[in-house]
Amino acid sequence: MSTTLLLILDLAGIAVFASTGALVGVRKELDVFGVAVLAVMTGLGGGVLRDLLIGSVPPAALEDWRYLVVPFVTSLVVFAFHPTFGRRERGIMLLDAVGLALFCVTGAVTAEEAGLNVLSSSALGMLTGIGGGMMRDIASGRVPVVFRGELYATPAFAGALVASVVHHEGWSQWWYIVAFGTCLVWRILALKRGWSAPLPPGTAHV
Amino acid sequence: MSTTLLLILDLAGIAVFASTGALVGVRKELDVFGVAVLAVMTGLGGGVLRDLLIGSVPPAALEDWRYLVVPFVTSLVVFAFHPTFGRRERGIMLLDAVGLALFCVTGAVTAEEAGLNVLSSSALGMLTGIGGGMMRDIASGRVPVVFRGELYATPAFAGALVASVVHHEGWSQWWYIVAFGTCLVWRILALKRGWSAPLPPGTAHV
Amino acid sequence: MSTTLLLILDLAGIAVFASTGALVGVRKELDVFGVAVLAVMTGLGGGVLRDLLIGSVPPAALEDWRYLVVPFVTSLVVFAFHPTFGRRERGIMLLDAVGLALFCVTGAVTAEEAGLNVLSSSALGMLTGIGGGMMRDIASGRVPVVFRGELYATPAFAGALVASVVHHEGWSQWWYIVAFGTCLVWRILALKRGWSAPLPPGTAHV
């Protein structure tokens, strides 16, 4: 995948995730700098984790100033206009799904390019997608939403798996759109139709 | 220690820890994929942390597909048969103690082989043992059980210290069994006899 | 900055942060080893995170035994004499501010010396300062105090920014005192005067 395209997609995903972090911070009534710290952590967390695990240090987030500026500015915008964002909960959910789909693909491709096998690249792509949101929820004292597997882990793993196979087999880059779409469509369908993965035997579906 | 033996012991410890993670997930009523994510994190967390800290990247957990498959399959089995596992709480505690003893020894030996000094290797062996459980508890919103020092930190450090000294002095590998036993026996005795380490002065023992 | 001076300042900051971790552990009524684990994590967390992110592994905390011994001994002292420390809450807050100021400067300088740009070095200096406290609070189930941005993130970033610029421009090392003072004075003024950063629009200041 071209480096410029990867960068743009990465920054777009970071902005989206940062905005979800900022919204959580606003709801916890953090001050503007607390909101910024939480937003930057949410936006960069997944990618930094991925870079640490493949030994690409310093991580991209510290090599390139845009990686810090994008989530920071995003957090200020959300802070200032949060009632507008808050009312658009459905829009946020959609953006969050787009961010997840972007990250699982770029994460899997980055892992493949670092020489990992297909299974590990898929796992790392999934982790890139869910890592930031997990840090956001843990740091702000919520049970991580990513543990609702049918909404996060599964579509992210599916998208990352498709992307890893595409890279591994050397198929045309257009196929990455299929990887992206797999995660996005799966996630949105799960959300809209209220899909839910099996609960532990003996537990009532609520 | 032979590489194959280290691998087998490592995988055994991972399966054991993954099953404790899966049980916590089942009790939190996560769906099957959420349970899998929590279980894999619990099983691999300590070893990944160790590998990151000694600069062995990508960590073993991403280099070898068995490291991902073992905790994943374990989580599915626990998910499906959790009432059976849940009733065997005492068995789980025993398995958990075995996992801790395995990880503190393999963690310390890995750190020694990376050239760390005896004290650091012991600390890292302990961290390998308690890291996964700490992540499990933090991610699922419980106060980490590893902070009950007399049950976790102390026996794990003791076992790791013995293993580090054995490696450092180049003693026969049979001595690793002593390291393993130190942690295991200590932990089980602490559990059975209700040993408790000193509480802060002025705090009533409850 | 001379290596010896950096080491001494680093160990001083570690001791201070470890004592705050130990106090939290004592209040949570952890036993002596649980207190030690929490204290060591609080003392070393920020620096280990910094070292991981700049690829300096094994981190200083594992290379040099003093990094492990200092927070461990600190935790024992706090454990034994905690009523004395607990009564000196104001003294602790002051020490905490000194620790933050030390870490943001040493963190930024270490990042600069690893070749990061000024913005990234400032961010990493800030993270070095707030990382340990964040881990302490997350691990012990409190909402991280570092999210009160006006008391932590902002002064730490300001101090780290001054230190990064000083290093980048090659100014006299005496200027590091200005960096240190920027963080310390800002933090103390914020504390004493009850400064608070803007809250989200529509939120009542409480």
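Things to note:
So that you can tell them apart, the chains are marked A, B and C in the order they are listed, and the count of residues begins at 1 in each.
Here, a residue touches a chain if its C-beta (ideal position, glycine included) is under 8 Å from a C-beta of that chain, and two chains touch if they have at least 3 such contacts.
From a predicted model like this one, the values you see are computed outputs, not experimental measurements.
Looking at the partners of chain B and chain C together, the chains they share are A. Although chain A and chain B share one sequence, what matters here is the overlap of their interface residues, and that overlap falls short of half of the numbers used. Chain A and chain B have Cα centroids lying 29 Å from one another. In chain B, the residues that reach two or more other chains under the touch definition are 52, 55, 138, 141. Across the complex, chain C is touched by residues 52-55, 114, 116-117, 119-120, 123-124, 130, 134, 138, 141, 143-144, 146-150, 153-154, 196-203 of chain B. Interface of chain C with chain B (complex): residues 25-26, 28-38, 48, 52, 55, 57-59, 62-63, 65, 68-69, 79-80, 82-83, 138-141.
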